[in-house]
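Data first, discussion second: the structure below is written as structure tokens.
First chain written, first letter: the chains are A, B, C, D and E, and each begins at residue 1.
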């Protein structure tokens, strides 16, 4: 029985292999840094780590913040700008003057100079730079001594410019001028992985640890960081590994097992695990658990009937049971949005007398009465337009965005309950449809938290309407008054709260009565932290009010403080 | 022999041409536009219209989407022969070929052992089952269950049992992310440790199929004339079974060629369940990110892989089966 | 193609290998003592063996039970599969027989709807694949010559292209695949092995004299194919359909699992997809992902077992085993 | 009536039909009413192919088959149908000639549907009855039965009855009795004889010389697609000339004469088992494919109504003296 | 007597019941004798041939005994019978053309099967090649696959292989039926040669073709519907048959020289009876022109002349 003997041998070999495998994995852990010196993060990096070009929208997680830094930072929780690479930056008249902090060194040892800053700002000459249009309104940046100045030719876009300043990562002139000669270079430069990005931040990229970039991006701590001189703690993690994310599900597994210390995925069900002994914490220990990051809006296509009817849009707002989404879909991980849609950061800009008068809340009966008084009639089960035409609408979100997919299922059910025939779907070409205005209703949250509500109103009213709307006003809402007010807001100097409020109140009346967009809920800064290895995480109940978040743009808010303050257990 | 391979080669070439054409055509026939999606991804950094237009025309240029279709088609072929599968949208500006290159070792590392071991073990056990009633009554139902199991489900059950509930194995990944890939026993062990569950689920599903196939084929072979002749001459059952096994193996091998496509599909979803960093996970993220170029590239890669695998099996079959070999040498 | 190739053609999975192959083998060459012995009615004979074949009975019972669940199940559901209730994450209970999902939908309702979808897609995919396989296989086998060469080449091309990858790409680019469309796609891609097997079968049948007789009776080609050849392969065609049916369910479950399947209908694959993407696995919600997998395994496994049973019934050579 | 004129059949074999195999080469003969022609040959001689070509079941590669002056390869649609109303066939395997899952009398139904769609039931029944009577079958015994419920002889007779329904002129009988039991085959053979006397032309294809001899007026001996000897039956069998014909005759197992006696008489050597080399030679010559030099061989009329194939040199000699030839032709050459 | 079969009954299991294919046959074959076994299809002749060596799944031993060289053959015991197979009894099966393993070289297959029977292949190899040459095969065939041989070559290879261990009894089952006349003759003469050279002691040649048997057999046994009808020396059966069935059978065979025009032959009317429920008495009585009342009893198979056995009431 030769074959049987072979079988036995085979089974034997397999068992031995298996044992060896288990043994091998339990024994010798020969990683570069011990676990308690390594901070493992994840959630932002989808797909391969590709490049460290910080002007390309998909740069490696942490490249801005850990490696590259900005002139200023902004703390939305206190609404304060934090001078960073610049000791000061601001307008005087039409001239914006930046004073570059002295004593800051690039990771190659050379000093950060005003010339570097001016060079970086002047990358705006290329159309692919995000501040290109702003730059074009100035005569370019010029450096003199520690100062860099930019002078506007017309009224400065105060709000927009200040927002840009704390979002532009400063790069080294010596390294970049060698390779950047055209618009495309701006987004592709440094694609060559052998070139180490030279930054001013507390960490440097470790190419050897990052490998082919399919698993993680690895950063090593520098021995010194200029910011310790302004009271920032030296970060404890010697190594930061940001893992490539393949699915929420896998991320959850890593968090549960304590293999990821900080995760920024939307993890449905995470609240179930808060008290289950895995050491998982969130910013708040109760709903909404997370800070707010942006507003999710229901976007009606105002170029189509009946969404061109403000009453109809208002009726839609009354028909949605946002609470159901908040509880059922999100498990209280999000909060219902204010009627103005403004984040709580901007509370001071909300005109409560207006919201009291025009604000809406869930009320199907109110929705029905609004429709009826606006001339809509019921024909059988469904409302028809005043002109008798039937209403049959689609509500879309991108395919694969599971929380939103659930949300629109719930919302379309709400609409149907009222008598508005709405069907939810998740087209693969969502973005094409959105940009081309080929939709009835959709959910969008493109406008993020920022230092100024202007970003929100720019997002709402931006004009003129083109055949392709790529970044704002997807509903193609045309209101010259509102757009004029938005531009006026942009021209109000930063910190002039009273002047801003004057303009914003006018805009708010329009948003509340015309409802070009219907605010739904605040998407959270999804963050689940594990206390097993690292502690001292930001928490609403402590003094550590930072954003525990590695998303683009969040480091220069307060995420870098999160990194600087975590402590090994 | 030459003619046989010429024919095979022709089939494969036509398949390849058809696949490339379909691959090229599909994204262009479908609604949607990769640039819109790319811009949507970069959207947070794109604050004004002029800028977005500049960026979008830049990307149209990069991906050559502004050219007439036939030029795009020819360019597609030309690029293909230069090993250029385009640039990934989700991992811009990484070339798709690099993404695939990084993922291949994991997929092959799963597939090859799973195919070979399951084929070997499945056939052995199937042959044993045809011989023994007890085995037949146990292995057979088990095999039917296994072979009817969707790959992803078995993977989920294994993950749930061994990784979530008992924590014997990791839930996901190709290796411990804290480790740096190196030529060390520690790392190799870690690789194997992560490899085991996805391998096991692939192995088990296929194993069932081969076991049933062999068991049934053997029964057929035992009813064939040569088997009866041997028995009439008093040859021991062992010899008869040995012959039956050998001959039953041949259709199993040609079955292998046909099954490769399905097995690859199984490997893709298994990788997805385990977040195994192979081609499967890659294609999922490409699909989720609407990375047309990556999808196209991976699809082509899979086709080529399957063609090569088929070709290997073809050659193997020719070597093993004297009938085809002799038939090809122009014998009687 | 070698003879053994033809004999064992058409093996999507190892399991179907033998099942299909067995159908291909010819009748027994036993020295039947007297022609009169054969007078036992064939239909009677079939039934006689059918009701005594444990595998057939077992497989058929499983499939019938699943089918009944698909038919009656949705009627018993207290909720609609898309309905959001207020009990989230709940394990099976008297209110929610199979528990609920994280957003409060009833798993049983989804499961029952998924069973329906499975049979629907199996039927559509199976029928389409069978029809294409029959058209191609019959034509190639009957016409022979250049038509055969071309059709065989096409078949071989489709055979080598991994159907799953093609489906992945197509479904990835199509948005909102409905069950019929998905079935159509699956069907259009899973016919080649069956066509090849049918071609070989047709080939051997065409050599039989009754085909010549039909031609001498001035019958045209299609008449001969569908009135003479096809009825002779009815058992084979039936078994082929069963395999294509099961195959369609498996392939579509995989497509759905990746999230490329229907959006507005529940399928078993979609359930697994949702359980997976919503971390049902890690959150220990076994009631979410176990039932759909068991159902698929039961339907497909039942079909396979049934097929082997049928094979034994149709094929006297296997009966003794 | 039916004229087979230098008919050749080439099969394409191998990949993309790269190779050719000539199954029938330059075969010519006529069939007339009331006459039975035996096509005799071993397997691979092309005899069945000739029959299939006449029945349009195989295409003709070269030469022509004409029926009443019309080239049958041009027939299509209705004309082909009316050709089949005149020319019909019966094949070797009675069980294979019936679709096993249908009742045997379906073959009649097909004829009715195609040729007598309008005929009333009663009329049809009497027509069928007449046909069955002609083949001496009892309708009660054979109708409404499955093929496996009938014996081979009954089935073959049913097929002949089927052909008779059409009032045919020519019947191709391809080995129709070789699979029948000895006790019944003679009856079917006799039936052919009767049909002949009714004015049918019959092409009787067989490998059994004694059967061909029993029934036919004319005999055609085929070997590897070539006619080697042909003529009136009594002349071919009475005075076999070609070595192949002799070898065939000497190989026929006879009931009352032993092989050696016949061999001696026909001067065919029978030493194959004594000498292994001889055995080898005989087997190889039997298994040999058509020798290339046979291509330029010619058919020579050695006496009236008797033609024999000779090599060119021999043929020249023969032409000079066509008298009773008894000299052995050289043994078939082996292929290099 | 080399072979002695006593009252052998072997039935076929079918759904409807047992088919009494071989219903009590008694006969013997002497050393050196070639016995032809003839009859119509379904008369049980192949069943008889097979049951002496290998009872396949559907065949059921019912009664009777078989003795070969004074040793009882355990034909009902599949396993016990192995000792006798090949060495004592061997067979050239009906399916000889497909009896060789398609994926083994013929030499290797022969080696494996011979060694499995405890015989040293190398010592037998010279004899093997000698015999192959005798039938016109060079020893090259040992290095070939069956695919490379023509049908006739395969058949001869099987003939040599089957008789290589010099069995006492060889069963040749319908081995000439599928052959052309020229090959048929060669194969038939080879069988005689094998007997003459002592490769096999005695032989049972199963065929439906009486004329072949006339050429090679010493004795002919005619079967009808599971019963023996007649047995005698070949010449006697052909020239002086006594059973009405044999007579009718012979008279229905056309011969070279006999023509339809000159001498009209006739067949035997009717069909053989179904053996599922065979008629009682003489099974031929339904078709027999001489049948009379006595035929309702089964006639014994009796020696009416020296070596001439007949089962017919008319001949007793």
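Just so it is clear, a residue touches a chain if its C-beta (ideal position, glycine included) is under 8 Å from a C-beta of that chain, and two chains touch if they have at least 3 such contacts.
Everything quoted here is computed from the prediction, not taken from an experiment.
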item: Chains in simultaneous contact with chain B and chain D; value: C, E
item: Result of counting contacting C-beta pairs for D-E and A-C, higher pair; value: D-E
item: Distance between chain centroids, defined by C-alpha means - chain D, chain E (Å); value: 31
item: Length of the line joining the C-alpha centres of chain A and chain B, rounded to whole Å; value: 37
item: Geometric centre distance via CA averages, chain C-chain B, whole Å; value: 22
item: Between chain D and chain C, distance of the C-alpha-averaged centres to the nearest whole Å; value: 47
item: Touching two or more other chains - residues of chain C; value: 35-36, 39, 172-175, 259, 276, 281-282
item: Multi-partner residues of chain B (each touching 2 or more other chains); value: 30-32, 164, 171, 250, 272, 284, 288, 321, 323, 327
item: Of all residues in chain D, the ones touching two or more other chains; value: 16, 151
item: Complex contact set, residues of chain A against chain C; value: 247-249, 252-253, 256, 267-269, 272-273, 324, 327-329, 331, 399-400, 402, 406, 409-410, 413, 425-429
item: Residues of chain B that touch chain E when the two form their complex; value: 224-226, 228-236, 238-239, 243, 246-247, 250, 320-323, 326-327, 331-332
item: Residues of chain E touching chain B in the complex; value: 53-54, 56, 81-87, 90-91, 93, 95, 98-105, 112-113, 116-117, 145, 147-150, 158, 162
item: Chain B-facing residues of chain A, complex; value: 3-4, 6-7, 10, 17-18, 20-25, 27-32, 35, 38, 40, 46-48, 50-51, 55-58, 127-133, 160, 164, 183-184, 187-188, 191, 208-209, 211-216, 241, 243, 246-247, 249-250, 253-254, 257, 259, 400, 427-429, 431-432, 434-435, 446, 448, 458, 462, 466, 468, 470-471, 552-553
item: Contact footprint of chain C on chain B as seen in their complex; value: 10-12, 14-15, 18-19, 22-23, 26-27, 29-32, 122, 143-145, 147-154, 156-157, 159-160, 164, 171, 206, 208-217, 219-220, 223, 250-252, 254-255, 258-262, 264-266, 268-269, 272-273, 283-284, 287-288, 292, 295-296, 299, 302-303, 306-307, 310, 321, 323-324, 327
